[in-house]
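One chain, subunit A, appears in both complexes that follow, with subunit B as partner in the first and subunit C in the second.
Coming up: the complex of A and B.
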(Lines of atoms letter the chains of each structure in order from A and count residues from 1; the text may use other names and numbers.)
(Lines give C-alpha, C1' and ligand atoms only; values in the text may rest on other atoms or scores of the structure.)
Protein backbone atom coordinates (compact mmCIF):
# COMPACT_ATOMS: atom_id res chain seq x y z
CA UNK A 1 0.00 0.00 0.00
CA UNK A 2 1.08 3.58 -0.57
CA UNK A 3 2.45 5.95 2.01
CA UNK A 4 -0.39 8.30 2.79
CA UNK A 5 0.35 11.03 5.34
CA UNK A 6 0.52 14.06 3.07
CA UNK A 7 0.79 17.79 3.58
CA UNK A 8 -2.24 19.56 2.07
CA UNK A 9 -1.43 23.12 3.07
CA UNK A 10 0.40 25.22 5.66
CA UNK A 11 0.20 28.74 7.02
CA UNK A 12 2.64 30.99 8.87
CA UNK A 13 1.33 34.20 10.42
CA UNK A 14 3.25 37.27 9.35
CA UNK A 15 4.00 40.55 11.05
CA UNK A 16 0.90 42.28 12.30
CA UNK A 17 -0.78 39.01 13.17
CA UNK A 18 -3.88 37.41 11.73
CA UNK A 19 -7.43 37.10 12.98
CA UNK A 20 -7.70 33.58 11.63
CA UNK A 21 -5.85 30.77 9.89
CA UNK A 22 -7.85 29.37 7.02
CA UNK A 23 -7.59 26.21 4.98
CA UNK A 24 -9.96 26.22 2.05
CA UNK A 25 -10.74 23.95 -0.87
CA UNK A 26 -9.75 20.87 1.09
CA UNK A 27 -9.95 17.90 -1.30
CA UNK A 28 -12.19 14.98 -0.37
CA UNK A 29 -9.61 12.43 -1.46
CA UNK A 30 -8.27 11.61 1.99
CA UNK A 31 -9.76 9.57 4.83
CA UNK A 32 -8.83 11.74 7.82
CA UNK A 33 -7.41 15.20 8.48
CA UNK A 34 -4.64 16.06 10.95
CA UNK A 35 -3.74 19.61 11.95
CA UNK A 36 -0.57 20.62 13.79
CA UNK A 37 -0.89 24.11 15.25
CA UNK A 38 1.76 26.21 16.96
CA UNK A 39 0.13 29.41 18.15
CA UNK A 40 0.26 32.42 20.42
CA UNK A 41 -2.52 34.99 20.69
CA UNK A 42 -2.47 38.77 21.13
CA UNK A 43 -4.88 38.86 24.06
CA UNK A 44 -3.41 40.55 27.15
CA UNK A 45 -3.63 37.41 29.27
CA UNK A 46 -1.49 34.38 30.06
CA UNK A 47 -3.78 32.02 28.17
CA UNK A 48 -6.39 32.39 25.49
CA UNK A 49 -8.44 29.85 23.56
CA UNK A 50 -8.29 28.82 19.94
CA UNK A 51 -11.52 27.58 18.40
CA UNK A 52 -12.27 25.84 15.14
CA UNK A 53 -14.98 26.24 12.52
CA UNK A 54 -15.82 24.06 9.54
CA UNK A 55 -17.20 25.10 6.14
CA UNK A 56 -17.60 28.70 7.28
CA UNK A 57 -20.13 27.78 9.94
CA UNK A 58 -19.90 28.43 13.66
CA UNK A 59 -23.03 26.40 14.34
CA UNK A 60 -23.50 22.87 15.69
CA UNK A 61 -20.14 22.67 17.42
CA UNK A 62 -19.70 21.23 20.89
CA UNK A 63 -16.99 19.77 23.08
CA UNK A 64 -16.06 18.23 26.39
CA UNK A 65 -12.62 18.87 27.73
CA UNK A 66 -10.19 17.87 30.43
CA UNK A 67 -8.00 20.75 31.57
CA UNK A 68 -4.85 20.57 33.66
CA UNK A 69 -3.64 23.87 35.08
CA UNK A 70 -0.53 22.70 36.88
CA UNK A 71 -2.34 22.66 40.19
CA UNK A 72 -5.69 21.06 39.42
CA UNK A 73 -7.51 18.93 36.87
CA UNK A 74 -11.01 20.00 35.90
CA UNK A 75 -13.50 19.06 33.23
CA UNK A 76 -16.11 21.16 31.51
CA UNK A 77 -18.01 21.41 28.26
CA UNK A 78 -19.33 23.79 25.66
CA UNK A 79 -22.52 23.47 23.65
CA UNK A 80 -21.43 26.25 21.29
CA UNK A 81 -17.72 25.97 20.58
CA UNK A 82 -14.96 23.49 19.95
CA UNK A 83 -11.74 24.90 21.40
CA UNK A 84 -8.52 24.43 23.34
CA UNK A 85 -5.92 26.68 24.94
CA UNK A 86 -3.10 28.70 23.41
CA UNK A 87 -0.61 30.98 25.17
CA UNK A 88 -1.48 34.68 25.04
CA UNK A 89 0.51 37.87 25.02
CA UNK A 90 1.53 38.11 28.67
CA UNK A 91 2.81 34.52 28.76
CA UNK A 92 6.55 33.92 28.86
CA UNK A 93 8.09 35.56 25.82
CA UNK A 94 8.63 33.40 22.74
CA UNK A 95 6.40 30.56 23.97
CA UNK A 96 3.93 29.11 21.51
CA UNK A 97 1.39 26.44 22.40
CA UNK A 98 1.06 23.23 20.44
CA UNK A 99 -2.12 21.54 19.29
CA UNK A 100 -2.76 18.28 17.51
CA UNK A 101 -6.23 18.05 15.99
CA UNK A 102 -7.46 14.86 14.31
CA UNK A 103 -10.69 14.54 12.32
CA UNK A 104 -11.57 11.01 11.15
CA UNK A 105 -13.85 10.53 8.15
CA UNK A 106 -13.97 14.26 7.43
CA UNK A 107 -15.41 13.72 3.95
CA UNK A 108 -18.10 11.26 5.02
CA UNK A 109 -21.81 11.76 5.48
CA UNK A 110 -21.94 11.32 9.26
CA UNK A 111 -21.45 13.87 12.02
CA UNK A 112 -17.77 14.70 12.50
CA UNK A 113 -15.96 13.57 15.64
CA UNK A 114 -12.82 15.48 16.59
CA UNK A 115 -9.86 14.76 18.86
CA UNK A 116 -7.83 17.77 20.06
CA UNK A 117 -4.78 17.76 22.34
CA UNK A 118 -3.24 21.09 23.34
CA UNK A 119 -0.47 22.34 25.61
CA UNK A 120 0.67 25.83 26.61
CA UNK A 121 3.75 25.13 28.73
CA UNK A 122 5.53 28.40 29.64
CA UNK A 123 7.71 27.60 32.67
CA UNK A 124 5.27 29.68 34.71
CA UNK A 125 1.77 29.72 36.12
CA UNK A 126 -1.00 30.00 33.58
CA UNK A 127 0.27 27.06 31.56
CA UNK A 128 -2.37 24.51 30.70
CA UNK A 129 -2.90 21.14 29.07
CA UNK A 130 -6.12 20.22 27.29
CA UNK A 131 -7.66 16.96 26.08
CA UNK A 132 -10.76 17.68 24.05
CA UNK A 133 -13.52 15.56 22.54
CA UNK A 134 -15.34 17.56 19.88
CA UNK A 135 -18.34 17.08 17.65
CA UNK A 136 -19.57 18.97 14.62
CA UNK A 137 -23.19 17.90 14.28
CA UNK A 138 -23.31 18.24 10.53
CA UNK A 139 -23.24 15.58 7.84
CA UNK A 140 -21.53 17.70 5.18
CA UNK A 141 -18.05 16.87 4.01
CA UNK A 142 -15.51 19.27 5.51
CA UNK A 143 -14.12 21.45 2.75
CA UNK A 144 -12.69 24.28 4.82
CA UNK A 145 -11.23 24.76 8.28
CA UNK A 146 -10.86 28.04 10.13
CA UNK A 147 -8.82 28.45 13.32
CA UNK A 148 -9.51 31.63 15.26
CA UNK A 149 -9.42 33.18 18.69
CA UNK A 150 -12.36 32.49 20.99
CA UNK A 151 -11.94 36.02 22.35
CA UNK A 152 -11.67 37.64 18.89
CA UNK A 153 -8.00 38.41 19.27
CA UNK A 154 -5.25 37.73 16.72
CA UNK A 155 -2.76 34.97 16.20
CA UNK A 156 0.65 36.52 16.66
CA UNK A 157 3.50 36.50 14.19
CA UNK A 158 5.25 33.13 13.76
CA UNK A 159 2.17 31.11 14.61
CA UNK A 160 2.02 28.16 12.23
CA UNK A 161 -0.51 25.55 11.17
CA UNK A 162 -0.02 22.49 8.99
CA UNK A 163 -2.91 20.53 7.50
CA UNK A 164 -2.26 16.91 6.57
CA UNK A 165 -4.44 14.41 4.77
CA UNK A 166 -4.32 10.77 5.83
CA UNK A 167 -5.36 8.04 3.43
CA UNK A 168 -6.30 4.55 4.50
CA UNK A 169 -5.40 3.02 1.15
CA UNK B 1 2.58 11.19 15.16
CA UNK B 2 5.20 10.83 12.50
CA UNK B 3 4.73 12.46 9.13
CA UNK B 4 6.30 11.74 5.80
CA UNK B 5 6.88 8.49 4.03
CA UNK B 6 6.48 6.05 6.92
CA UNK B 7 2.79 6.32 7.78
CA UNK B 8 1.49 3.33 5.90
CA UNK B 9 -1.98 1.78 6.02
CA UNK B 10 -1.72 -1.91 6.89
CA UNK B 11 -5.42 -2.73 6.84
CA UNK B 12 -8.73 -0.91 6.92
CA UNK B 13 -12.39 -1.79 7.17
CA UNK B 14 -15.75 -0.12 7.24
CA UNK B 15 -18.24 -2.28 9.09
CA UNK B 16 -20.91 -3.27 6.59
CA UNK B 17 -23.41 -4.80 8.96
CA UNK B 18 -23.55 -5.00 12.73
CA UNK B 19 -20.50 -6.87 13.94
CA UNK B 20 -19.41 -7.79 17.47
CA UNK B 21 -15.67 -7.47 16.89
CA UNK B 22 -12.99 -6.89 14.31
CA UNK B 23 -9.57 -8.52 14.16
CA UNK B 24 -6.44 -7.26 12.45
CA UNK B 25 -4.40 -10.40 11.82
CA UNK B 26 -1.03 -11.21 10.27
CA UNK B 27 0.33 -7.80 11.22
CA UNK B 28 3.82 -7.56 9.74
CA UNK B 29 6.73 -6.87 12.09
CA UNK B 30 8.38 -4.46 9.68
CA UNK B 31 7.25 -1.25 11.36
CA UNK B 32 8.35 0.43 14.57
CA UNK B 33 4.96 1.47 15.96
CA UNK B 34 1.31 0.97 15.11
CA UNK B 35 -1.51 3.53 15.07
CA UNK B 36 -5.14 2.45 15.10
CA UNK B 37 -7.79 5.00 14.11
CA UNK B 38 -11.43 4.11 14.83
CA UNK B 39 -14.62 6.13 14.54
CA UNK B 40 -18.33 5.44 14.72
CA UNK B 41 -20.99 4.27 17.14
CA UNK B 42 -22.57 1.12 18.51
CA UNK B 43 -25.55 -0.69 17.04
CA UNK B 44 -27.94 -0.85 19.97
CA UNK B 45 -26.62 -0.88 23.54
CA UNK B 46 -25.59 2.50 24.95
CA UNK B 47 -22.39 2.88 26.95
CA UNK B 48 -20.11 -0.07 26.26
CA UNK B 49 -16.41 0.55 26.65
CA UNK B 50 -14.04 -0.02 23.75
CA UNK B 51 -11.34 -2.64 24.34
CA UNK B 52 -8.77 -4.79 22.57
CA UNK B 53 -6.90 -8.05 23.00
CA UNK B 54 -3.63 -8.84 21.26
CA UNK B 55 -2.36 -12.12 19.86
CA UNK B 56 -5.51 -13.86 21.05
CA UNK B 57 -4.51 -13.42 24.69
CA UNK B 58 -7.62 -13.58 26.90
CA UNK B 59 -5.66 -14.00 30.13
CA UNK B 60 -5.36 -11.49 32.92
CA UNK B 61 -2.24 -10.00 31.41
CA UNK B 62 -3.40 -6.43 30.87
CA UNK B 63 -3.53 -3.36 33.08
CA UNK B 64 -4.65 0.21 32.46
CA UNK B 65 -4.51 3.67 33.98
CA UNK B 66 -6.77 6.41 32.70
CA UNK B 67 -7.27 10.17 32.95
CA UNK B 68 -10.79 11.23 32.03
CA UNK B 69 -13.05 14.27 31.87
CA UNK B 70 -16.78 13.95 31.26
CA UNK B 71 -17.58 17.64 31.00
CA UNK B 72 -18.26 17.96 34.72
CA UNK B 73 -15.68 15.95 36.60
CA UNK B 74 -12.03 15.05 36.05
CA UNK B 75 -11.14 11.58 37.26
CA UNK B 76 -8.47 8.92 37.13
CA UNK B 77 -8.72 5.18 37.60
CA UNK B 78 -6.73 1.98 37.32
CA UNK B 79 -7.47 -1.64 36.47
CA UNK B 80 -4.89 -4.36 37.11
CA UNK B 81 -4.72 -7.96 35.91
CA UNK B 82 -7.65 -7.64 33.56
CA UNK B 83 -8.38 -9.63 30.41
CA UNK B 84 -8.29 -6.81 27.84
CA UNK B 85 -6.72 -3.44 27.18
CA UNK B 86 -9.10 -0.53 27.68
CA UNK B 87 -9.18 1.93 24.78
CA UNK B 88 -11.93 3.80 26.64
CA UNK B 89 -13.23 3.44 30.16
CA UNK B 90 -15.12 6.40 31.60
CA UNK B 91 -16.65 7.14 28.23
CA UNK B 92 -19.24 4.83 26.72
CA UNK B 93 -19.60 3.96 23.07
CA UNK B 94 -22.76 5.80 22.01
CA UNK B 95 -25.51 4.06 20.09
CA UNK B 96 -26.67 6.90 17.87
CA UNK B 97 -25.43 8.30 14.59
CA UNK B 98 -25.70 11.75 16.14
CA UNK B 99 -23.05 10.84 18.73
CA UNK B 100 -20.00 9.78 16.75
CA UNK B 101 -16.95 8.79 18.81
CA UNK B 102 -13.30 8.45 17.84
CA UNK B 103 -10.29 6.56 19.17
CA UNK B 104 -6.61 7.11 18.37
CA UNK B 105 -4.52 4.23 19.66
CA UNK B 106 -0.71 3.88 19.61
CA UNK B 107 1.00 0.51 20.02
CA UNK B 108 4.56 1.37 20.94
CA UNK B 109 7.53 -0.70 19.72
CA UNK B 110 5.05 -3.48 19.04
CA UNK B 111 7.34 -5.90 17.23
CA UNK B 112 10.20 -6.22 19.68
CA UNK B 113 10.47 -9.52 21.54
CA UNK B 114 12.19 -8.37 24.71
CA UNK B 115 9.83 -5.93 26.45
CA UNK B 116 6.23 -5.81 27.62
CA UNK B 117 4.06 -3.72 25.27
CA UNK B 118 2.52 -0.31 25.99
CA UNK B 119 -0.74 0.79 24.36
CA UNK B 120 -1.82 4.43 24.58
CA UNK B 121 -5.36 5.45 23.66
CA UNK B 122 -7.11 8.79 23.20
CA UNK B 123 -10.86 8.27 23.40
CA UNK B 124 -13.30 11.00 22.44
CA UNK B 125 -17.05 10.84 23.04
CA UNK B 126 -18.36 14.39 22.94
CA UNK B 127 -22.05 13.67 23.47
CA UNK B 128 -24.44 10.94 24.49
CA UNK B 129 -25.22 9.26 27.78
CA UNK B 130 -21.60 8.57 28.74
CA UNK B 131 -19.47 11.30 27.20
CA UNK B 132 -15.83 11.90 28.07
CA UNK B 133 -12.46 12.73 26.67
CA UNK B 134 -9.82 10.31 27.91
CA UNK B 135 -6.16 9.38 27.80
CA UNK B 136 -5.41 5.77 28.74
CA UNK B 137 -2.21 3.83 29.02
CA UNK B 138 -2.30 0.04 28.91
CA UNK B 139 0.36 -2.56 29.55
CA UNK B 140 0.31 -6.03 28.00
CA UNK B 141 2.62 -8.16 30.11
CA UNK B 142 4.07 -10.25 27.31
CA UNK B 143 7.31 -9.93 25.36
CA UNK B 144 5.95 -11.40 22.13
CA UNK B 145 5.70 -9.26 19.02
CA UNK B 146 2.13 -8.15 18.40
CA UNK B 147 0.80 -9.81 15.26
CA UNK B 148 -2.93 -9.67 15.90
CA UNK B 149 -5.28 -7.08 17.42
CA UNK B 150 -8.92 -7.78 18.19
CA UNK B 151 -11.09 -4.77 19.03
CA UNK B 152 -14.62 -4.94 20.38
CA UNK B 153 -17.20 -3.15 22.52
CA UNK B 154 -17.37 -4.56 26.03
CA UNK B 155 -19.27 -6.19 27.67
CA UNK B 156 -21.75 -6.78 24.87
CA UNK B 157 -22.47 -4.67 21.85
CA UNK B 158 -22.05 -4.61 18.08
CA UNK B 159 -20.39 -2.03 15.91
CA UNK B 160 -22.98 -0.23 13.84
CA UNK B 161 -22.66 -0.30 10.08
CA UNK B 162 -20.31 2.45 8.99
CA UNK B 163 -17.91 2.07 11.91
CA UNK B 164 -14.39 2.56 10.51
CA UNK B 165 -11.15 0.98 11.70
CA UNK B 166 -7.74 1.56 10.11
CA UNK B 167 -4.37 0.25 11.25
CA UNK B 168 -1.27 2.20 10.20
CA UNK B 169 2.38 1.23 10.50
CA UNK B 170 5.06 3.77 11.36
CA UNK B 171 8.61 2.90 10.44
CA UNK B 172 11.54 4.64 12.08
CA UNK B 173 13.62 4.21 8.96
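Coming up: the complex of A and C.
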Protein backbone atom coordinates (compact mmCIF):
# COMPACT_ATOMS: atom_id res chain seq x y z
CA UNK A 1 0.00 0.00 0.00
CA UNK A 2 1.65 3.21 -1.13
CA UNK A 3 1.85 6.18 1.16
CA UNK A 4 1.08 9.60 -0.20
CA UNK A 5 2.37 12.90 1.11
CA UNK A 6 0.00 15.83 0.67
CA UNK A 7 1.07 19.37 1.49
CA UNK A 8 -1.33 20.79 4.08
CA UNK A 9 0.35 24.15 4.66
CA UNK A 10 3.71 25.89 4.62
CA UNK A 11 5.25 29.10 5.82
CA UNK A 12 8.38 31.17 5.27
CA UNK A 13 9.50 33.55 7.98
CA UNK A 14 9.60 37.18 6.91
CA UNK A 15 12.12 39.94 7.55
CA UNK A 16 11.17 40.57 11.15
CA UNK A 17 11.69 36.96 12.26
CA UNK A 18 9.08 34.98 14.16
CA UNK A 19 8.96 33.62 17.68
CA UNK A 20 6.99 30.60 16.53
CA UNK A 21 5.37 28.92 13.56
CA UNK A 22 1.91 27.62 14.44
CA UNK A 23 -0.13 25.27 12.29
CA UNK A 24 -3.73 25.35 13.52
CA UNK A 25 -6.98 23.59 12.54
CA UNK A 26 -5.08 20.58 11.20
CA UNK A 27 -7.61 18.25 9.55
CA UNK A 28 -7.92 14.76 11.04
CA UNK A 29 -8.26 13.10 7.65
CA UNK A 30 -4.71 11.80 7.32
CA UNK A 31 -2.97 8.83 8.86
CA UNK A 32 0.24 10.59 9.90
CA UNK A 33 1.80 14.05 9.87
CA UNK A 34 5.24 14.97 8.56
CA UNK A 35 7.01 18.30 9.00
CA UNK A 36 10.05 19.53 7.12
CA UNK A 37 11.69 22.43 8.92
CA UNK A 38 14.56 24.51 7.62
CA UNK A 39 15.48 26.90 10.40
CA UNK A 40 18.01 29.29 11.82
CA UNK A 41 17.58 31.00 15.17
CA UNK A 42 18.54 34.51 16.25
CA UNK A 43 20.45 33.51 19.39
CA UNK A 44 24.12 34.49 19.40
CA UNK A 45 25.38 30.89 19.50
CA UNK A 46 26.36 28.21 17.00
CA UNK A 47 23.45 25.98 17.93
CA UNK A 48 20.11 26.53 19.59
CA UNK A 49 17.20 24.19 20.19
CA UNK A 50 13.81 24.10 18.53
CA UNK A 51 10.97 22.53 20.47
CA UNK A 52 7.50 21.40 19.53
CA UNK A 53 4.15 21.71 21.28
CA UNK A 54 0.76 20.24 20.45
CA UNK A 55 -2.73 21.69 20.89
CA UNK A 56 -1.37 24.75 22.69
CA UNK A 57 0.01 22.69 25.55
CA UNK A 58 3.61 22.51 26.73
CA UNK A 59 2.79 19.71 29.18
CA UNK A 60 3.38 15.94 29.00
CA UNK A 61 6.18 16.13 26.46
CA UNK A 62 9.33 14.06 26.75
CA UNK A 63 12.10 12.69 24.59
CA UNK A 64 15.23 10.58 24.43
CA UNK A 65 17.90 11.64 21.99
CA UNK A 66 21.25 10.84 20.48
CA UNK A 67 23.32 13.95 19.89
CA UNK A 68 26.46 14.02 17.79
CA UNK A 69 28.59 17.13 18.16
CA UNK A 70 31.42 16.24 15.80
CA UNK A 71 33.70 15.46 18.72
CA UNK A 72 31.42 13.47 21.01
CA UNK A 73 28.25 11.41 21.01
CA UNK A 74 25.77 11.91 23.79
CA UNK A 75 22.69 9.94 24.74
CA UNK A 76 20.32 11.88 26.92
CA UNK A 77 16.68 12.59 27.62
CA UNK A 78 14.23 15.24 28.70
CA UNK A 79 11.20 14.67 30.87
CA UNK A 80 9.78 18.07 29.98
CA UNK A 81 10.48 18.93 26.36
CA UNK A 82 10.55 17.49 22.88
CA UNK A 83 13.27 19.25 20.94
CA UNK A 84 16.18 19.04 18.51
CA UNK A 85 18.94 21.37 17.36
CA UNK A 86 18.85 24.22 14.88
CA UNK A 87 21.75 26.44 13.88
CA UNK A 88 21.84 29.86 15.48
CA UNK A 89 23.23 33.20 14.56
CA UNK A 90 26.97 32.64 14.89
CA UNK A 91 26.82 29.71 12.46
CA UNK A 92 28.11 30.50 8.99
CA UNK A 93 25.97 33.25 7.50
CA UNK A 94 22.92 32.19 5.49
CA UNK A 95 23.11 28.56 6.56
CA UNK A 96 20.05 26.77 7.84
CA UNK A 97 19.56 23.45 9.58
CA UNK A 98 17.20 20.74 8.42
CA UNK A 99 14.72 18.77 10.46
CA UNK A 100 12.27 16.04 9.64
CA UNK A 101 9.55 15.37 12.18
CA UNK A 102 7.20 12.43 11.80
CA UNK A 103 4.04 11.96 13.87
CA UNK A 104 2.21 8.69 13.22
CA UNK A 105 -1.45 8.26 14.19
CA UNK A 106 -1.73 11.92 15.18
CA UNK A 107 -5.53 11.81 15.19
CA UNK A 108 -5.82 8.62 17.24
CA UNK A 109 -6.77 8.24 20.88
CA UNK A 110 -3.48 6.90 22.21
CA UNK A 111 -0.32 8.72 23.32
CA UNK A 112 1.49 10.30 20.36
CA UNK A 113 4.96 9.14 19.43
CA UNK A 114 7.21 11.46 17.46
CA UNK A 115 10.45 10.84 15.62
CA UNK A 116 12.64 13.79 14.80
CA UNK A 117 15.97 13.96 13.04
CA UNK A 118 17.86 17.20 12.73
CA UNK A 119 21.19 18.52 11.57
CA UNK A 120 22.65 21.97 12.05
CA UNK A 121 24.91 23.62 9.53
CA UNK A 122 28.07 25.66 9.84
CA UNK A 123 31.42 25.81 8.11
CA UNK A 124 33.28 25.16 11.37
CA UNK A 125 33.40 22.67 14.19
CA UNK A 126 30.32 22.67 16.34
CA UNK A 127 27.66 21.45 13.94
CA UNK A 128 25.37 18.92 15.52
CA UNK A 129 23.13 16.02 14.57
CA UNK A 130 20.14 14.83 16.59
CA UNK A 131 18.07 11.67 16.47
CA UNK A 132 15.11 12.06 18.74
CA UNK A 133 12.40 9.68 19.94
CA UNK A 134 9.63 11.75 21.50
CA UNK A 135 6.34 11.24 23.21
CA UNK A 136 3.34 13.43 23.90
CA UNK A 137 1.56 11.63 26.74
CA UNK A 138 -1.87 12.82 25.77
CA UNK A 139 -4.70 10.92 24.09
CA UNK A 140 -6.25 13.90 22.30
CA UNK A 141 -6.07 14.12 18.53
CA UNK A 142 -3.46 16.63 17.43
CA UNK A 143 -5.15 19.64 15.87
CA UNK A 144 -2.36 22.18 16.16
CA UNK A 145 1.41 22.15 16.12
CA UNK A 146 3.69 24.91 17.33
CA UNK A 147 7.40 25.10 16.53
CA UNK A 148 9.39 27.48 18.70
CA UNK A 149 12.77 28.12 20.23
CA UNK A 150 13.61 26.43 23.52
CA UNK A 151 15.31 29.66 24.54
CA UNK A 152 12.61 32.12 23.38
CA UNK A 153 14.66 33.35 20.42
CA UNK A 154 13.26 34.03 16.98
CA UNK A 155 13.31 31.99 13.82
CA UNK A 156 15.21 34.13 11.34
CA UNK A 157 14.08 35.30 7.94
CA UNK A 158 13.79 32.54 5.30
CA UNK A 159 13.29 29.80 7.86
CA UNK A 160 10.60 27.54 6.40
CA UNK A 161 8.20 24.91 7.66
CA UNK A 162 6.17 22.51 5.53
CA UNK A 163 3.39 20.42 7.05
CA UNK A 164 2.39 17.29 5.15
CA UNK A 165 -0.43 14.87 5.72
CA UNK A 166 0.42 11.24 4.99
CA UNK A 167 -2.31 8.94 3.72
CA UNK A 168 -2.40 5.28 2.95
CA UNK A 169 -3.41 5.20 -0.69
CA UNK B 1 10.61 48.49 19.81
CA UNK B 2 7.67 46.30 18.75
CA UNK B 3 7.14 42.92 20.36
CA UNK B 4 8.18 39.78 18.43
CA UNK B 5 5.61 38.21 16.16
CA UNK B 6 4.43 34.69 15.62
CA UNK B 7 3.16 33.09 12.42
CA UNK B 8 -0.16 31.27 12.52
CA UNK B 9 -1.33 29.22 9.56
CA UNK B 10 -4.92 28.01 9.62
CA UNK B 11 -4.75 24.69 7.80
CA UNK B 12 -8.48 24.68 7.01
CA UNK B 13 -8.59 28.09 5.37
CA UNK B 14 -4.95 28.38 4.29
CA UNK B 15 -4.85 31.86 5.80
CA UNK B 16 -1.51 32.90 7.29
CA UNK B 17 -1.49 35.57 9.98
CA UNK B 18 1.44 37.38 11.50
CA UNK B 19 0.48 38.21 15.06
CA UNK B 20 2.39 40.51 17.39
CA UNK B 21 2.82 38.96 20.82
CA UNK B 22 1.19 40.77 23.71
CA UNK B 23 3.36 41.96 26.60
CA UNK B 24 1.97 39.08 28.67
CA UNK B 25 2.93 36.56 25.96
CA UNK B 26 6.44 38.01 25.75
CA UNK B 27 6.79 37.71 29.52
CA UNK B 28 5.46 34.14 29.42
CA UNK B 29 7.90 33.23 26.64
CA UNK B 30 10.82 34.63 28.64
CA UNK B 31 9.65 32.73 31.72
CA UNK B 32 9.32 29.49 29.72
CA UNK B 33 12.82 29.97 28.29
CA UNK B 34 14.25 30.48 31.77
CA UNK B 35 12.44 27.40 32.99
CA UNK B 36 13.66 25.39 29.98
CA UNK B 37 17.27 26.45 30.57
CA UNK B 38 17.02 25.41 34.23
CA UNK B 39 15.38 22.06 33.45
CA UNK B 40 17.82 21.27 30.65
CA UNK B 41 20.77 22.11 32.89
CA UNK B 42 19.33 19.82 35.59
CA UNK B 43 18.74 16.99 33.10
CA UNK B 44 22.21 17.39 31.57
CA UNK B 45 23.79 17.38 35.04
CA UNK B 46 21.84 14.24 35.99
CA UNK B 47 22.88 12.48 32.77
CA UNK B 48 26.51 13.39 33.42
CA UNK B 49 26.29 12.25 37.06
CA UNK B 50 24.69 8.96 35.98
CA UNK B 51 27.44 8.36 33.42
CA UNK B 52 30.13 9.14 36.00
CA UNK B 53 28.50 6.81 38.56
CA UNK B 54 28.24 4.07 35.94
CA UNK B 55 31.91 4.41 35.01
CA UNK B 56 32.91 4.37 38.68
CA UNK B 57 30.87 1.24 39.31
CA UNK B 58 32.39 -0.56 36.33
CA UNK B 59 35.84 0.38 37.55
CA UNK B 60 35.00 -0.87 41.05
CA UNK B 61 33.78 -4.16 39.60
CA UNK B 62 36.78 -4.35 37.31
CA UNK B 63 34.71 -5.06 34.20
CA UNK B 64 33.99 -3.24 30.96
CA UNK B 65 30.58 -1.96 29.83
CA UNK B 66 30.42 -4.80 27.29
CA UNK B 67 31.13 -7.34 29.99
CA UNK B 68 28.41 -5.79 32.17
CA UNK B 69 25.96 -6.13 29.26
CA UNK B 70 26.94 -9.76 28.92
CA UNK B 71 26.19 -10.36 32.60
CA UNK B 72 22.76 -8.79 32.25
CA UNK B 73 21.85 -10.53 29.01
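Keep in mind that, in the parts below, the second predicted complex is superposed on the first by the 165 of 169 C-alpha atoms of A that agree within 3 Å, B and C clash if a C-alpha of one lies under 4 Å from a C-alpha of the other, contacts with A are read in each partner's own complex, and residues count from 1 in each chain.
As a convention for this text, contacts are C-beta pairs under 8 Å (C-beta built on N, C-alpha and C of every residue); 3 or more make two chains touch, one makes a residue touch a chain.
What you see is a predicted model, and the numbers here were worked out from it, not measured in a lab.
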Subunit B versus subunit C on the shared subunit A, clash or fit?
-> fit
Using the touch definition from the top, say if A:14 reaches subunit B (first), subunit C (second), both or neither.
-> second
Report for A:76: first if it touches subunit B alone, second if subunit C alone, otherwise both or neither.
-> both
Examine A:163 and indicate which partner it touches, taking first as subunit B and second as subunit C; both and neither are also allowed.
-> second
Pick one for A:113: touches subunit B only (first), subunit C only (second), both, or neither.
-> first
Examine A:151 and indicate which partner it touches, taking first as subunit B and second as subunit C; both and neither are also allowed.
-> second
Which of the two partners, first being subunit B and second being subunit C, lies in contact with A:4: first, second, both, or neither?
-> first
First (subunit B), second (subunit C), both or neither touched by A:22 | second
Angle at subunit A, subunit B to subunit C, CA centres, as a multiple of 10°?
-> 100
For subunit B relative to subunit C post-fit, closest CA-CA distance rounded to the angstrom comes to 6
Of all the subunit A residues, which ones make contact with subunit B and with subunit C?
-> 74-77
Give every residue of subunit B touching subunit A within the complex, in rising order.
-> 1-10, 12, 37-40, 67-74, 91, 97-102, 104, 122-127, 131-135, 162, 164, 166, 168
Sites on subunit A touched by subunit B in the complex = 1-5, 7, 31-32, 34, 62-67, 73-77, 100, 102, 104-105, 110-115, 117, 131-135, 137, 164, 166-169
Can you check the complex and tell me which residues of subunit A touch subunit C?
-> 8-11, 13-14, 16-27, 49, 51, 58, 74-81, 149-152, 154, 163
In the complex, subunit C touches subunit A at residues 4-14, 16, 18, 21, 29-30, 32-33, 36-37, 39-40, 43-44, 47
